């Protein structure tokens, strides 16, 4: 009885607070999405039913944003996993001074994403950047990374990978260092050379951890915003993700009704994805 | 010792990774020491020819950087306090009691972490505007607090689970209440974890951009990430030395925090699952 | 020092019944053992008495005071955990001081009491250390000191010897006995080890799958278990069980097993019917016969498979006509390979159990 | 068939802790040698050095004449069973058993044949298709044992293989280990902290303490003729009674004086001892089960009072007081606490150690 009270008192406020900030707005989005509602022209506000959704599903920019979101998710996951595995492999070695490399290679993880984007903006800024100098010297070309199109896709992925491949590396490293030593030792005594041990023992044992790293990145990449914002500002376009598109329609154009409609769709998709995937964690619950 | 292919490949990998991670940080850092003219040099210089500290001071005065800093600190601190205040009790009961809906509670909380801010920011903006709460770091702190509660609950729970409940029980049998047992036994024992969670939440709030950029409009209300993002393309044009000085003021505290908690970072960022 | 009474206590975890209608008493100043296999419900019962768990049904009385609904802090009981539960961030001194500080005793008095108890348990030199700097045996003594310093009304021990290696156990058991005699405290001691129960206690309660099967003086319960499960729990090494057919012919009562037929004295078998029973015989009631002695009855042939030497004792595994038996011999008996031996079964030590009800029917 | 020789092997952890201290020993081929010692005595470290999982700080390891010190484990043809049953939870039981043969690149048919043979030997055929997750520890340990024996290694190292197995399941595994020994003829090293396992299974026992080997002899010798007081105490349950005393000679007889009690030593050995030691401080030792206990007074018996009795089922362990001396006896008699008894130390069982604990007589 007393325990029950304690449980209620400790969990309900937390849930309530979360609902207030993160669920309640979703309900309001549904409400807003049925209106023609521009902040700049409040006097024109009127109920228009599902009209926002109708125009949404015929809006090529929306489809582009959705497509971009998917592209970035897939490409970044692949790139970040490959790079992250390399980082983890290097950092799992044991020698004097490995500590400093463990700091170096994982340094970008906690940095504010926007400052990472700004740092990279400096690296690629047309006509004067270090990257320009390198490509000029090596291949005798200069690329305008910020003009949109393929180069912009690439640079957004690189920026994201620069910050988040170390994150995957860090998780895999924790996994590798946390592996019980016995299976690896047993495999070596069983006669397996180091490469066999790696592919037949270590990687299979790491599978759950690899999965967690990828899932967490996946769920974060759905929200991808900062590097695109930084690269697109003052430059090319056409690489917006859903987050950026909502930002643009909602706050640059101040079209709340339409932005709300995109938000509703986005929220539902993200909620379903998160809910499905997050249940996978159940097996890791102690 | 023989020199073999693996060794060479390892050394090359280390060199490439070092360049890849450190060059952008290094280059942007030294840019803050370059003079106005030198930032336009071609080829770009890797060591400033003319080493100047002035932009590190100037940015405090020709922009409301002090206000940005203050707002960021306030928002991050409020966020951390809110997140811990809500998540510590939840984490404790979820770790200690095996009640019926426990996993539902935990997974509902976790799901909230993965909802995109962009999908909820519009109504929040509309309401805060109506309540005239736009432009205050306090409202940002309240929102960041909510966003970071899932991290708090899950990570703290993973630390509490590791403390055997016998310790608390034994303390209660010694003659103390459950609250005292928590405060005198469990809390000191999870202190490293608690510090790590706090600093992670602090760092994540510190660098948040989307909410901050939408929910603040006047210079006096903006946070550091929004402030420095506005250096780009704004009235400063491309004064990269100033931009980078400001950026590093935002980054350095985070780097210090990172180094302090790096051993707990993997765990903190995976909700306590990877230990 | 107080008397404990447990009255009809039941506890479920989810659908699983952990304790069913348990009632017993622990007399003032006695050393009582709760003997049962792992997951018999011993720990849950101790936790209920200590107050960190609440029973679904039933009451707990200390000296006729109903303490069922009291929080642990108001019960004045002490519990020594299997894992010792020392507070890792406190020095040994503060660990022991914890229950005294809870009672808000003046520092001088606390110091005095700790000096006394640490002298008694020979842990004086450890007071300034942290638990992680202690060996297993030292941790155990500190845990006991923390309980003893409290002057509790009852001391509960949850398998305090299980986590010690066998060399330490040996010494710790003697120490525990010495201590309990010196303190004259009321002690309830949970253990899965039949030897603990025999060696230490005044009274034993057998707990099996959440039920209390038998209570009594250790030797009595050990020698005359009422129930097959009691015999199983309370035997080291595990008791031998053999299917046996009881036949009555010409006024003779004969017990037929696959490898030997045993004549039972008729005067105490009047209540028995013919049929199948479970014969139980303790490993130390089987003996290897080295010299041919024709007068000896109840001897059978067996193949000796393996002997296991524990210091000066031997556990021998034999097979007799397809039935595996364990022997416990009070001497060293080393055999290199499988061989034939003759085994004597002590008919006076035979127990018979009903195959269905598991109750003892003989003697 | 391989003799394993350690030559001056020392291993130092973290530049400070000497886990293994100058070991010189040869484990003879085809024998089961037990390495017995309390936890932390360095026995596991020594085995890891032999397996190749650790490189010794100093010293050499030889398999027969061959120096293997610098060879990695996969090139040594050793097999090992660990304390915590190691099965590859990512593979089926079949693949677990097949693993050492797969890395040897044997043909599929050969592997299949071997796996089936070993599985049958261990009685685990019905589990072959399962993943070993959630199987009981004894079954896991059987799989690990199978993996160790399938590669037909020259050297089989068993590192406390039964410690984490449920006591009731140990019997069968013990039997299997003895069968493996008979069948393979490999040199087996069996690490344990449990005297009973060593006394039961081993041809030879090496007693280790603090990184050193104290005695390497047959189980009978280790038990009956311990080289020092540690071994005397460590083996036996309870261990040997060890009491400080002084040697005294009078009227051509030699006595040990233990706090006022005088025990006469057989005349044959007394002069021999006196020649060997410098002081007359000795440690007197006798095993609890070798002390004769009588309820009535008899000539040459010493009076004692029972202070504590611990019933162990078959026997009773009693702590007796003789004046200030405390002595443990193990007897079939049912003694009562506070009872008067009379005891005798039979001369043939008496051991004497010098004051550093090394055996001088018995």
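Each chain carries a letter (A, B, C and D) given by its place in the written order, and its residues are counted from 1.
FYI, a residue touches a chain if its C-beta (ideal position, glycine included) is under 8 Å from a C-beta of that chain, and two chains touch if they have at least 3 such contacts.
All of these numbers come straight from a predicted model, not from anything done at the bench.
J.: Which neighbours do subunit C and subunit D have in common?
T.: none
J.: State the pair with the higher C-beta contact count; candidates are A-B and A-D.
T.: Of the two interfaces, A-B and A-D, more C-beta pairs touch across A-B.
J.: From the mean C-alpha coordinate of subunit A to that of subunit B, what's the distance rounded to whole Å?
T.: Each chain reduced to its C-alpha mean, subunit A and subunit B end up 15 Å apart.
J.: Based only on mean CA positions, could you tell me how far subunit B sits from subunit C in angstrom?
T.: Chain centroid spacing, subunit B to subunit C, equals 55 Å.
J.: What are the residues of subunit A that contact at least two other chains?
T.: Counting only residues that touch two or more other chains, subunit A contributes none.
J.: Classify the inter-chain contact topology: is it line, ring, star, complete, or other?
T.: Drawn as a graph, the chains make one closed cycle, so a ring.
J.: Which of the chains are touching one another, listed as pairs?
T.: So the chains that touch one another pair up as A-B, A-D, B-C, C-D.
J.: In the complex of these two chains, what residues of subunit D are touching subunit C?
T.: 38-39, 168, 171, 174-175, 178, 193-196, 199-200, 219-220, 223, 234-239, 287-289, 307-308, 310-315, 317, 319, 330, 332
J.: Once bound in the complex, which stretches of subunit A touch subunit B?
T.: 3-4, 6-7, 9-11, 13-15, 17-18, 20-26, 28-29, 32, 39, 86-87, 89-90, 93, 101-115, 118-123, 125, 128-130, 133, 162, 166-167, 170-171, 173-175, 178, 209, 212-213, 216, 219-220, 222-223, 225-226, 229-230, 233-234, 242-244, 246-247, 250-251, 256, 259-260, 263-264, 266-267, 270-271, 273-275, 278-279, 281-282, 284-286
J.: Which subunit C residues qualify as touching subunit D in the complex?
T.: That would be residues 165-167, 170-171, 173-174, 177-178, 181, 194-195, 198-200, 218-219, 222, 235-236, 238, 282-284, 305-313, 317, 328, 330, 332, 334 of subunit C.
J.: With touch defined as at the start, can you tell me which subunit B residues reach subunit C in the complex?
T.: 164, 166-167, 169-177, 185, 188-189
J.: Would you mind writing out the residues of subunit D in touch with subunit A in their complex?
T.: Against subunit A, the touching part of subunit D is residues 51-53, 72-74, 77-80, 82, 84, 86, 88-91, 99-100, 103-104, 144, 147, 151.
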